[in-house]
Amino acid sequence: MTSRIAYLGPAGTFTEQAVRQWDSRQEHEATPVPTVAEALQRLVAGEAHAAVVPFENSVEGSVPATLQALLDQERVRIVEEVLVEVQFDLLVRPGTSQDQVRVVATHPHAAAQTRAWTARHLPQAQLVPESSTARAAQAVAEGTYDAAIASTEAARSYGLEASAERIADRAGALTRFVVLRHGAPAAAPTGADRTTLVALIWQNRPGALLELLEQFAVRGIDLSRLESRPTGEGLGEYCFWIDADGHVSEPRMGEALLGLRRTCRDVRFLGSYPRADGQARPVPVHADEQAYAEARSWLQEL
Amino acid sequence: MTSRIAYLGPAGTFTEQAVRQWDSRQEHEATPVPTVAEALQRLVAGEAHAAVVPFENSVEGSVPATLQALLDQERVRIVEEVLVEVQFDLLVRPGTSQDQVRVVATHPHAAAQTRAWTARHLPQAQLVPESSTARAAQAVAEGTYDAAIASTEAARSYGLEASAERIADRAGALTRFVVLRHGAPAAAPTGADRTTLVALIWQNRPGALLELLEQFAVRGIDLSRLESRPTGEGLGEYCFWIDADGHVSEPRMGEALLGLRRTCRDVRFLGSYPRADGQARPVPVHADEQAYAEARSWLQEL
Amino acid sequence: MTSRIAYLGPAGTFTEQAVRQWDSRQEHEATPVPTVAEALQRLVAGEAHAAVVPFENSVEGSVPATLQALLDQERVRIVEEVLVEVQFDLLVRPGTSQDQVRVVATHPHAAAQTRAWTARHLPQAQLVPESSTARAAQAVAEGTYDAAIASTEAARSYGLEASAERIADRAGALTRFVVLRHGAPAAAPTGADRTTLVALIWQNRPGALLELLEQFAVRGIDLSRLESRPTGEGLGEYCFWIDADGHVSEPRMGEALLGLRRTCRDVRFLGSYPRADGQARPVPVHADEQAYAEARSWLQEL
Amino acid sequence: MTSRIAYLGPAGTFTEQAVRQWDSRQEHEATPVPTVAEALQRLVAGEAHAAVVPFENSVEGSVPATLQALLDQERVRIVEEVLVEVQFDLLVRPGTSQDQVRVVATHPHAAAQTRAWTARHLPQAQLVPESSTARAAQAVAEGTYDAAIASTEAARSYGLEASAERIADRAGALTRFVVLRHGAPAAAPTGADRTTLVALIWQNRPGALLELLEQFAVRGIDLSRLESRPTGEGLGEYCFWIDADGHVSEPRMGEALLGLRRTCRDVRFLGSYPRADGQARPVPVHADEQAYAEARSWLQEL
């Protein structure tokens, strides 16, 4: 039986590319949905078995809609991550030459990442914002605009061709997508894992953030990402999104989670899953499973 | 001579409201500009004496375009801040009744903040995203849509009227705007000041963020905001935006800045300026100017 | 069957007073031994069931011989503590008047603690050091000296009388004695307990002591005593004697011990036992047993 | 004019050896005094230009009398340190053979450090405590005992000879002596300096010791010694003796001293002086004078 995947649409975006990269044999039936929130609702309703949504971008930062949707759905967990290199082409209808381009549509983020290129190559063109790069490509196919700045994927989806390729001002931009499931247990540890958490600290306690970081430091855990986000309760009220190296089944991570749970106003566990880059980060010798096991047996004997 | 202000347009947004709130006697000539970047370019070019742009919102978080523009222009400083309560009305052309509303336009952020109200009162209406709430109001005035979710300010700008007022799902949302100048010295200390900084830490040094926070903690300085943002150099590379309680002319803040400058990869100082809420935060007795003066004279004598 | 106690002699010192205070019904057979080391050897050999030795003094600090002896005997544990107020009298043979006193003997510590009194009341007297205050009293009884500065206990032991009472320059000095057993399990928790440890840190790791203290701080444990002592391996090589508030059976203390065991070069557990002052120290709400139990059940469910 | 030195006597102790090592050309007139306190009183009275007293020993730890005397005299400073290897010989009157030794006198510290040797070579001998190893040697010369465990220096002073040499159980024990002056400015920095301080923390503030250590850590200063000592005000009241790497004239050390002065109940500065081992400790690149100078000029420009 084919399982169903919901991904943030429309077709032709980098999210579809992430789906293909993850499901390279196309064993799943992938459906675009208009919002991240809807992708998660489908998971919760059992209409999709997995969801693929963008999480953060190396240029633009995290994707607020994804963070919010994850907070809103308690039992949705990250089970995998996918890294996609973000590249942009200038897409036109077949037959259009570059000097015929007067109006270019794209998503504002893509416009920002190709600003230098367009200033040099299309100094006269008017730039029109669209809600996604794929939507821009579609509008080009419909004849609304002359060109779109979008992914190679979008050319295929909408029958366009690339008038110029790889036009991003800065090479190597990456977007990190996450694969979500509902009610899933944490993936088995692989030795190169990441754990994603959200911690809400007590605002009125000076040093509360320092204490939060020390909960990880004393257990030899490095953080690869720390992002403050407003809680919506007022200026100056933040929660912290944390990516920590390691897996919830490791004793050092379990103990750190206990520490957060005890000292924070709230903690949300969003999953332990393999790193997409497969790079195992060294665990300090005093924090690995053997060190914990040895210490525990010593304590037992006391 | 009237001085010129550039603000993020179009007219009728909350930014215009911030301008009016700040310049209540309307002594300045205020001009809307299409982007935050352009507002700063006008400052640098000497075409504007001040710029007013949104900085962060208690629901949506910081405004990436403002943060990026501030990083791009070295000598632009924050000299003041303005807090504006964010409220939304349902704006219609005079004569339209609420049950005639079929299509509602607004900015996606505003849609998100009024979702519960529209689900209850306009369950059948179609929601169309626009690039700003003011642009949505203008389009209603032009007859494109039946209603816009926008500010009271926008009703005045475009000749609309409020069919429903204060429809945000959560009351009390605030947006913090900043007033910028080019080449300006730090504002004089008032006793209730804030200092805004950006610090780039050494990524490969575990504990670097902890050390950064300790630079403030040992000098008795509280942080009211800490926000990580990608540097654009790759996933996992962050800089930290910091709002700290106090003024650069206070010895504790000067010493903390020295500490950051020594230990971080880079530090940007973006200004010391009065808090909009005027609330002086207590300075620990061991960190106030007198404690520093007394300690310095003790050290001199050694 | 009467159990046997070895205590640091000779008879008539404050240690004997500690024995009487602890064993107020005199149910045990108490024997003075010449050194702390011998008291512990008797425990290990099974010739004594308990030992009472001085641990620290509020004026002189810790008692090196006791610390060393505890390190030398692996299975000896502290099971109780006794606080004795240190007071000194000027003891003479019955019939001697104060103006007949030419030569006064005492232990150098006692001389130091009564210096102002003797300068004022016995300005002409010669002070002779003896190996203990009790030995000084005995020598007075034997006719060697005119007076001894010693405890009230010593007067009774050696048939002397107090020519002046409570002559210490600073009132309220306390000595803390410990009751030791061999191979004993930790005493049951009372809610007002102390845990004594010795930690050997990695000298070449800067910040190792800070990390040690953080192992306690993140678990909400206060330290009532921290004392560095040379390890004998060279100048600059220290171990740290620690008294921590709480009992090894509390989860916060267990976790802190695990942390020390993992990160220190060596840790010695010397016992959890009731505080002599009976004062329960408040446990932070995020570190008590309930907080740990709640956090553990949350972690189980993940 | 010959300057006068007071040192802790009697002649023939390791302190005299320290004096000779320091004043190898014997340019000063050295006088033994009975107590450390008296050595300092002579300094203050102008009767001595320098004093040499023992500070700490790698086996026994610090010398309480020296620490107390330094606290009692406000303007006495450490200007130099001298390391002396502690070795013990078995000293006898010329002509005495080792099997004639029945009674051996020495200071209890020396007895402790030669315990294994005496157990093996003089199992039948009676050990008698004396107030110093030199006093024991003198008593041997006077015929009171058969042998003394004392320094080679003592043999020369009292006309004895070594029946056995270098009998300490553990080789390489060192004693650190300090050279004191009254009202002296800090010695000029050499690049390999030490600073000695005493800090009194606020006892009722949990984490106060952690904060004290962070004052050094954030300025990149390592501590080579940290010793808690009772203040005499009650059990659990400590001050901390600190040896820190660096010189008070370095900006990092000056700033750390300011921090201590602001946050501690009291701080005493006891001197910056060259390390006896001449080993410069690496200064972190972010904490050296250049880093401070660069940061200060950056701050000036803000």
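For reference, chains read A, B, C and D in written order, and residue numbers begin at 1 within each chain.
Assume a contact is a pair of C-beta atoms (placed from the backbone, for glycine too) under 8 Å apart; a residue touches a chain by one contact, two chains touch by 3 or more.
Bear in mind that the values here come from a model prediction, so they are computed numbers and not experimental data.
Asker: So how far apart, in whole Å, are chain A and chain B when each is placed at the average of its C-alpha atoms?
Answerer: Roughly 25 Å, centre to centre.
Asker: Using mean CA coordinates as chain centres, what's the gap between chain A and chain C in Å?
Answerer: That pair's centroid distance is 59 Å.
Asker: Where in chain D do residues touch two or more other chains at once?
Answerer: 214, 217
Asker: So how do the chains connect up here, line, ring, star, complete, or something else (other)?
Answerer: ring
Asker: Throw together a list of every chain pair that touches.
Answerer: A-B, A-C, B-D, C-D
Asker: Where on chain C does chain D make contact in their complex?
Answerer: 56-61, 64, 83, 129, 131, 170, 172-174, 176, 206-207, 209-210, 213-214, 217, 222-230, 232-238
Asker: Show me the residue ranges of chain B that touch chain D in the complex, using the header's touch definition.
Answerer: 186, 211, 214-215, 217-219, 248, 254-255, 257-259, 261-263, 269, 286-287, 291-292, 294-296, 298-299, 302
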